[in-house]
Amino acid sequence: MDQLLQHLLNALILGSTYALLGIGLTFIFGIMRVVNFAHGEFYTFGAYMVYLFSVTLGVNFLLAIVIAIVLGILLGAVVEWLLLSKHRGADIDTTMLIMIGAWIIMQNAEQLLWSGVAKSIPMPFPEDPLTVGSVSVAWARLFVFVMATLLIIGAQMLIQRTRLGKAMRATFQDTATASLMGININMIYLATFALGSGLAAAAGALLGPIFIVIPTMGNLAVIKAFAIVILGGLGNMKGAALGGFVLALVEEFGAGYVSSGYRDAMGFLLIILVLMVKPTGLFARTERIG
Amino acid sequence: MNAHVTATQSDPILTVSNLAVHFGGLVAISDASFSVAKGEVVSLIGPNGAGKTTAFNVISGFLPATHGEVIYNGRRMGGLKPHEIADAGLVRTFQKTSVFGNNTVLDNLMIGLHRRGSGSVWETLLLSPRIRRQEEEFRDEALQLLEFVGLAHRSAELAGSLAYGEQRLLEVAVALAADPTLLLLDEPACGMNPTEAMAFRRLLAEIGKRDITVLLVEHNMRMVMGVSDRVVVLNHGRIIANGPPAEIQQNPQVIQAYLGHGPKHA
Amino acid sequence: MSNISKWVIVLLLATVPLWVTNQYQLHILIMMGIFTIGAMSLNLLLGYTGQLSLGHVAFFGIGAYTTSLVSLGFDLKLTEDYTFVFAPKPAWFGVICAIVVAGLCGWFVGKLSFRVRGAYFVIVTISFAEVIRLVALNWVDLTEGPMALNNIPSLAFTIPWADSAALSRRIANYYLVLAVAVISSIIIQRLVQSRIGRTMVALRENEALAKSVGVDVTRSLVLAAVVSAAIAGAAGALYAHYVRIVDPDVFLFIYTVTMVIMVIAGGKGTLAGPLVGGVIFGILPELMRGHMLPEVQWIAYGAIMILIVFFLPEGIVPAVQRWWAGFQRSRQSKMNPHSRANKASPREAAQ
C-alpha cells in the first residue's frame, strides 16, 4: 500500500513535466499542423541553458531556469521564421522532414558544444527528502512539480484569457476566417511555435537538474511527447495534460511491477494500443484546442 | 427513351428506401425513397444543401446511413466498403474535380481498369505471359475509352495539366474504365462552358447506349431536362417530387422550392 | 532509361572488384549498397504509396537479428525445466528466414497501422521501431542485449583471384549485395509498373477516387508494406553476415533518417531516385570523414535535408529529367521549328 502511494506520487511529479512537454507539442500541431520532431531538442536546449547559466556562469539557479525558458521561446521563434514561415500550407510530410533536419542539426550542435559526456546540475535544495507518513519526496522533485503546474496553468490562462490566446483559438478554429477578421496569421504561427518551444525548454530546464543532461536526452523526450499527445488526441491541450499523467502512471507502474528495462517501451505500446482502439485519442471526440 | 423506361420501370436496379442521414444533431437526409430502373437516366436535383451529395456518399459507401437501406441488384449495400460497392458495379465521380494528377492520362485509365484484371503477386513479379497480355489489353482498352470521350490526343500528358473541362471528361472516362453498371455522376458539367456541356450531353447519350444506368446530380437544368428519363427532387433532406422532366417543370412544389432559394438554380 | 542501359550499368558494377582492390573502398561500396537496398524498399512505401514510414529500420534490424539467431543457434528457457534449443543452421537459410520474418512483421505493422494516416501513421511506425529496439536491448536471454551477437558466420564464398582471405570475403559480399540489389530493383519495378502497383500510386494521388473505382486500399497498402519489409529484411541480413556483429544500435532512428534522406534527395516515387540518393549519401560521409568531426558531418546532413526540401522538393532524379526534357524540347524545336514541341512527361519517363 505504501509502495503504491509512493508510485502514485512519483507518477504525479513526473506527469507534470510530461504534461508540459506534451502541451507544447500538441499546441504546435493543433494550430500549425506541424509535427515538430525537433520538440525534444528544445527540451534538451532548456536543460543545457540551465547548465550553462547556473553551472558555467554561476547565475542563480532559479534565474537560470527563467533565462532558459525565455531563450527557448526565442529559439523557437527563430526556427519558425527561418524554416517554417516559408512553408505555410505545405503538406504535413514537408514540414515534418524539415523538422527532422532541424532535430539532427540541433542535437549534433549540442554534442559539438558540450560533448557527449553527461552533465549534472546541482540544485539548491536540502538533501533530506520531505517525509510525510510512509511516503517521501525529494525537495527538488517537489519544486519541479510546483513549477510545472504553475507553467501549465499559466499557458492555459494565456490561451483562455489574453487577446493573443483568443487569436490563437480563432486561428485553430478556422485559419481563413481568422485571417479575414484581421488576425495576422504569420504572427500567430510565430507566437505558437515560440510558446510551444518555450514549454519544451521549460520541461527540460526542470527535468535536466533532476536527471542528467546529455545531447541525446531529447530523443526519448520527443517520442514520449508524441505518445502523450496521441493519448490526448492531436491538438487537444487538456488531453495532452491528462496524457502526460497517464503516461507517467503507466511508466511508473510498468517499471515498478513489470520490468524496469521496459519502462521506456510503455509509452510506445500505449501509442500503438490507443491508435488501434481509438485513433482520435482517449480524451477527445474530435480534435480541438483550449 | 421513354418507351424503354416504361418497359423496365417495374424492375429497379437501385432501390433507396427510407434513407436517413444525421450528422450529430444535423439532419442531412430525413427520409428519402426512390429507385432507378435498369437503363434509365435519372437526375437527382434540388437546391444547395438539399442532401444530394450526401445521398451519393451513402450509396457509394463513403458515408454510413443512419437509417434505411440501399439495395443494388438485389444486394444490400449497407456496410460495404467503397471498393466493394464498386465491385458490385456501382461507380461514382466526385463533385470536385478528381483525377490522379501526377499520372498520365493513359495511366489514369489504366488505374480505372484495374478492377477488370486479375493476377497474383507472384504472377506479377514473374511477369508471366498472361500478365503481359493483360497489360496490352488494358492499354488498348484505355485508348479506346479515351477515344470515346475525345481525349486520345492527350494520353501522354499528366492529368493535372489538362484543362478543367478535359479533366471532367477524364473523370468520367476513369469511372467508365471501372466497368460500371450504374454510374453516379456528381455535377459532371459543373464549370463546363456551353460547348463542353453540349459535348458532354452527347457523351451521356453514348453512355446510355452502352447499357449503363446513370444517376446524375446536376445544377444545369437545361442538361437535366434534356437527358433525364426521370427527375427526383430533394429539398431539405426529403423527396418532394419524382417524375418525368416535363411533369417536374410544372410541379408547383418544385417551383416553390427553387424560387424560395432564388431564381439562379432554375 | 531503357532496359539495355540498365544492364550495362549492372555489368559495369559487376566489374568493380576487378579494378577496385582497396579493401576500404570495397567496404564503403558494400555498406553503400546495403543502405541503398534499404532505401529502395522504403521508397516503395514512401514514394509509391505516399505513406511516410519512419520505422523502417525495424525491418532492417529484424532481418539482421533473425539471420544471426538462426545461423548462430540459441536456447530459450521457456519454463523451469524446459529449454528450447535451436541448433545453428546454415547462413543462407538464415537469410531466407530473415526475409520471411521481416515480411511477416511488415504484414502485421501494415494491418495495424494503415488504419490511421498522416501524422498518426508516422508516429505508429516510429513507436514500433522503438519497441523492437527496446526488446532487442532487454531480452538478453535471446539477443545478448547490449553485449551484441558476435561471430555471426559469413555468407562469403571464395573468390579465386583474390590474394587474401579478407579481400575474398569483401569481394564475395560485394557480389551478394549487388545481386540482392538487382533482384530487389526488378521486384520493385515489376510491382510498381503492374496493375497492382498502379493501385498503390492511385492511393497516393487520390485515395477517394481510387476507392470509388474499386481499389481495396488496405490490401494494396499491406502488400506494399510486406514487400518493402521483406526487402529491408534482406538488406539487414546482408548487413549482419557482412559486419558479423549485431547489437540493438541497428535499430537507431538515425538509420531510418539516412534511408529517408536517400529517398527524398534522389526522388521519391521514381525507380532511380533511391539509387542516386544511396550513392550520394553513401559516399558523401566518407568524403567528409577526413575533413570534419562526425557531429559537423551530421549537421551537414541535416542541413542538406532541409535544403533539399526547400529547393529540390521532388528530388534530384525528377529535376534532372525535367531539365533534360526541356533541353530536348528546345533542341527539337530549333531543328524543326514547325513541329509542335513534343511534351515528354517526366513522371512517365521516371517509371
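To keep things simple, chains are lettered A, B and C as they appear, and every chain counts its residues starting from 1.
We adopt the following convention: contacts are C-beta pairs under 8 Å (C-beta built on N, C-alpha and C of every residue); 3 or more make two chains touch, one makes a residue touch a chain.
By chain, UniProt protein names: A, C = Branched-chain amino acid ABC transporter permease; B = ABC transporter ATP-binding protein.
What you see is a predicted model; the values in this text were computed from it and never measured.
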item	value
Innermost chain, taking as reference the mean of every protein Cα atom displayed	C
From chain C, the most remote chain by mean C-alpha position	B
Length of the line joining the C-alpha centres of chain A and chain B, rounded to whole Å	49
Inter-centroid spacing, chain C versus chain B (mean Cα positions, whole Å)	42
Length of the line joining the C-alpha centres of chain A and chain C, rounded to whole Å	33
Multi-chain contact sites of chain B, meaning residues that touch two or more partners	none
Residue numbers on chain A that touch chain C, as the complex places them	29, 35, 83, 86, 92-94, 96-98, 100-105, 107-109, 111-112, 219, 223, 226-227, 230, 234, 259, 261-262, 264-265, 267-269, 271-272, 275-276, 279
Parts of chain C lying in touch with chain A, wherever the complex brings them together	52, 112-113, 115-116, 118-120, 122-124, 126-128, 130-131, 134-135, 137-138, 253-254, 257, 260, 264, 293, 295-296, 298-299, 301-303, 305-306, 309-310, 313
Complex interface listing, chain B residues touching chain C	60, 62, 81-83, 86-87, 91-94, 98-104, 107, 110-115, 117, 119, 121, 124-125, 127, 131, 134-135, 138, 156-158, 174-175, 177-178
Touching residues (chain side chain C, partner chain B) in the complex	187, 190-191, 194-199, 201-202, 205-206, 208-217, 223, 227, 343, 345, 347-348
